[in-house]
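Both complexes below contain chain A, partnered by chain B and then by chain C.
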Partner chain A sequence: MTPHITPVMLGQVIVSGLLAGALYAMVALGLGLIFGVMRVLNVAHGPLLMLGAYITYFLFITVGLNPYLSLLVSMPIVFVIGVALQHFLVRRVVDAPELSSLLLTFGISIALVNVAQLAFTSDLRSVEFITGAFLVGPFAFSKARVIACLFAAAITALAFLFLQKTRLGKAIRAVSQSREVAQVCGIDVHRIHMLAFGMASALAAAGGSLMTVMIAIQPEMGAVYTFKSFLVIVLGGAGNYPGALLGGLLLGLVEQLASLFLTTQVNEAVAYVLLVLVLLLRPTGLLGGRST
Partner chain B sequence: MTMSSWKSITAAAVVAAVTAVALPAAAQAPVKIGASISMTGTYAKPGIYQKEGYELCVQEANDKGGLLGRKIDLVVYDDQSTPATGQRLYEKLITEDKVDVVMGPYSSAISEAVANVTEKYKKVMVAPLAATTSIFKKGRKYIFMVISPAEVYLEGLVDIAAKRGLKTIAIVNEDTLFPKTAANGTAEFAKKRGLQIVLQEAYPKGNTDFSALLTKIKAANPDVIAASTYFDDAVALTRQMKELNVTPKMYGVTVGGDLPEFYDLLKQNAEYIYGATQWEPTLPYPGQKEFMASYQKKFNHEPSYHAAAGYAGCVLYLDAVKKAGTLDADKVREQLLKLETRTMLGDYKVDADGFQTAHKMVLFQWQDGKKVTVWPDDLAAGGKARFPTPPWNQR
Partner chain C sequence: MKRWARWFPAALALLLLVLSVYPLWATGYGVRVMLQLFMWIALAQSWNLISGLTGYVSFGHVAFFGMGAYTTAILVVKGVAWPLAAVAGGVMAVVLAFVIGWPCLRLKGPYFAIAMLGLNEVLRVMASYFEGLTGGGLGLSLPTLDASVRIYYAMGLVALAVTAATYVIVTSRFGLRLMTIREDEVAAEAMGIDTFRYKIYAFLLSAAAPGIVGGLAARDMGYIEPISVFPLVTTITMIVMVLFGGKGTIWGPVLGAVILFTFQELVWANFPHAHQILLGGIIVAVVLVMPRGILGVLQQRYNLPRTV
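Moving on to the complex of A and B:
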């Protein structure tokens, strides 16, 4: 049934995969950041992405703000929400057994989705801003997806620069390497936790904002990105930040190539099979996880 | 005659007298109709329309003197769009609330789950929004179908394509019960009409990136694309078709394409797209105008087909009870099996399993922002399909 696969088709699909992968990488970096810094798996990551999407949507509908400019609003707002979540809720379970934090963030996730359903209804919304494609020879690339990919790459690069070059970024990495030693060196761990949670939330929100132009949004849109991000950070190595980048691109590629060579139906299954293989052969992820 | 036998005769007479007085009093107690409907969760929107359809039907019946001389009370709970909750609620409606009658919930999935309960207690259930054939082909006796089954959704698309001499078709569907059934039905029609299926593929629920799938479709270059969708995937698929410049001569979707939001979201990109619908307000069915007017008056908005089906299902049920002259499930069932009629929703007639055989799906095409009925011919009333579909930049 599958038509003969030509090099053009393969090229088209590889690029589509990388475009999607860049977005996965950015969103997953957020999840990885929280996990790396405090060993909390934030199930509410996807719903925070959804909040970012709605902020962009409403800014576009009400004041006609360019969806890409609205990143400057959605990221700070969700950053503050993230900081508040950390300060008031997540802080209490950082040192508790991992199941406690899982339950707590699961609860936050349910609350966010239901509040969104009440506030925004379950109606699908979308922003008609950029449609159509860039045509390059025989290839067609969705404008919205190319632009989203560029923004995602830029934001991810900035996040890495921040982690590598700034004092605060170094403090974050120090805390994720060893909280005790960081504390001894005079780093305010609670503040770093809040910063990391805020930054992670902002990365998720950026993903949501960029998606608003690509797909129709609704309150339950986030869950699937929680799972994908989880997959990405395990693939790349939990707590290894460049690993998230590699994992994201890999997931995007695998999904698209599985759709091309097998069927779209199994693309998620293939991604999870890959996960199992990585866990069997290299349990710390492709780039190696954080040592414990 | 002994004293004691006199006594017992007197007692019997008293009992008879009391019963004679009590019976009309009991007859005054309202008929309780129970249902669970999705008022929150993913099915909330169509579910609430359906509930409004029930409410209008009950109100109109009460205005005309109720059912068998009794007032009707409607008891509705929220099943939160989950089959398990629906099942529990029907159990509660029947055993605790002791409703006389039940009506169906929203969606095939929940109808399938609650049918187990209603069958167990031998309650007739008209299920106005269950469109999956298998629900009715499991030997159940008391469940009745109102709308057309999933299999025939895109019959019109295939029919027009075949008449226009098109040769190839690609069929895609979300990998869940209803879209899968609809896709397989479409494939059957296509084979029967001599169209070659160049690609048939499912995608997982919640899929948002159709690049690879559409790349394959583009390579197969079909004349027709039939997509068995819900709403969000219909929108995503259409957008990406434009992005990847996939231009079949005909493109039709099953569900979602009929909503006004479909056009709102896609604007001119929705032009020329075919969609299937169970019902439209403009169709020339009896009682249509009256239904539209009273619905608009009661709820201040236009009904969707879910509302129309809920209303029609309830009307059909009350009709059968009146004909049977009783609420007795077996007698009402006989009437529903015999009934052959046309409501504002279209034709009704079921086979021995309660499976709908008369109701017709309608195919429309988006033309200048309006849904124009293009199939079947006897309902199209002058509507003509714009064919073939031009390239994306000329829509």
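Moving on to the complex of A and C:
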């Protein structure tokens, strides 16, 4: 059943894995940000990604907006949705046992997915914007995926720059290190939580917008990205932001290699086995993170 | 309070008596409806055992239901008697719970919740992938057999058994240990409780009934396919029933199952997406406004014992 594997195929798969990985890393950075700042695992992260995808889709269908330009619309809209979710709902369970926040975001996620199903139906939709591939020597790379990877890398770099260099970014990192001490230093923790949730939602939306050009979208597409993003932060080490980059690239690589040696059908199962293995062998992540 | 304690067991005995003779005069439809209610009670109680008592949220409990359904269906097709096959379904569900629980329950935090969220998807993919065993996307047809009444009793028995087990657990030291883990796991460890061991016990117990019930449901439906036995909405419904009725209580899941199932049958089944938006809304509302559920509120207001 396994065809003969040539070095060219292997090289192709490795590059495709890294391309997909950059996107995973960006989306996972969002999930990791919320988790790091307020110890809340946002189950609705994937559905927020789905919202970003639909915004891009409808902007393309109705006014013909370039899907990459629509990042400038989808990210702010979902940012605002994220801030609102934090302000009205999640804020109340930040200090509660994690059962509450898990269930709350799970409830939000169900509601979002089904509102989308009601509004947009469950039909698969896709944007035919860029097709074809770049041919480099013996390799062929889907144009949409290469561009998505570049955008993802740029957005991730900007997010890191923001976290490292600006006062607000420093405040976010301070809150994720110790909320009490940050509060004593005069940081408005509630505002930082809203900002972090909004930023994380915008990162998810960016992922959704970029995916619209690559794959067909539908309302239930999000759940698997909540799972994969979590896997990425576990791989990198919870609370370790650069670790998310490594984790994302690793997940992309492992998935692509698995689809070469096995079949694409088992893609999700591979990610799952990876999660269980990491939890068994190295629960603090590959780079080591803060224990929870 | 005292009066209440006297008439409650009597009313319960009467109810059980009525339910045990119900199939003698009920229509076929009536039996099927009650059988499904029993199924939901068993599922909700099982979710309560792990998530209500220890506070570890299982987002994929339907995985055990599907595991039981497939095990039973495969065995029945091979010629095994269905009651035996359903028990085997329960055993396989417990084995699966052990495989997942061992790596994921050692850690605190949301690892377990997310692992369970993915488990269901993975099993569904696997069921489609191993076509030789499961029939893949085409599904499996079981030989026709009219056993509604016997399945009614079997479901009822499972629902009763899980509820009785919950009573025994909540009133025992084992249950106290589980609830200590829920309230403060670090403190529980400091008091000498081997938290990992008790979490695993609770998880294995909570997987058994969904496995058996999944097997019985497969026999009852006569035909299963990956999407029919691994639907996310089943997990959602279990969670809503428990939260609504009162998590961590004995009768809360039963109360939640009866109320929600009744409404579902009467009204919501006609509006699947609106129905699920409502379920999501109920989860959000209960967590924010009424975290202890109906029974929790009643317990507080009327000073009922904790063992309700």
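In the analysis below, the second predicted complex is superposed on the first by the 286 of 292 C-alpha atoms of A that agree within 3 Å, B and C clash if a C-alpha of one lies under 4 Å from a C-alpha of the other, contacts with A are read in each partner's own complex, and residues count from 1 in each chain.
To be clear about the criterion, a residue touches a chain if its C-beta (ideal position, glycine included) is under 8 Å from a C-beta of that chain, and two chains touch if they have at least 3 such contacts.
These numbers come from a predicted model, not from an experiment.
Under the clash rule set out above, the superposition-derived model of chain A with chain B and chain C contains a clash between the two partners. Of the two partner chains, chain B and chain C are each touched by A:224. Of the two partner chains placed by superposition, A:188 touches none, neither chain B nor chain C. Applying the stated contact rule after C-alpha superposition, one finds that A:259 touches chain B and leaves chain C untouched. Applying the stated contact rule after C-alpha superposition, one finds that A:111 touches chain C and leaves chain B untouched. Within the superposed three-chain model, A:16 lies in touch with chain B and out of touch with chain C [touch as defined at top]. Of the two partner chains, chain B is the only one that A:123 touches; chain C does not reach it. Judged by the touch definition given at the top, the superposed model places A:275 against chain C, while chain B stays out of reach. Comparing the listed stretches 22-30, 112-120 or 310-318 of chain B against chain C after superposition, the clashing one is 112-120.
Residues 117, 224, 265, 268 of chain A touch chain B in one complex and chain C in the other.
Every residue of chain A that touches chain B in the complex is listed here, in rising order: 1-6, 9, 12-13, 16-17, 20, 117, 122-124, 126, 128, 131-133, 135, 140-145, 211, 214-216, 218, 220, 224, 255-260, 263-265, 267-268. On the side of chain C, the complex with chain A involves touching residues 51, 55-57, 59, 100, 102-104, 106-111, 113-115, 117-119, 121-122, 125-126, 128-129, 182, 232, 236, 239, 243, 273-274, 276-277, 279-284, 287-288, 291. The touching residues of chain A, counted against chain C in their complex, run 41, 43, 89, 92-93, 96-100, 102-104, 106-115, 117-118, 223-224, 226-227, 230, 234, 238, 265-266, 268-269, 271-272, 275-276, 279-280, 283, 292. Considering their complex, residues 40-42, 44-45, 175, 198-204, 206-213, 215-216, 219-220, 231-232, 235-236, 239-240, 242-245, 261, 265-267, 269, 392 of chain B touch chain A.
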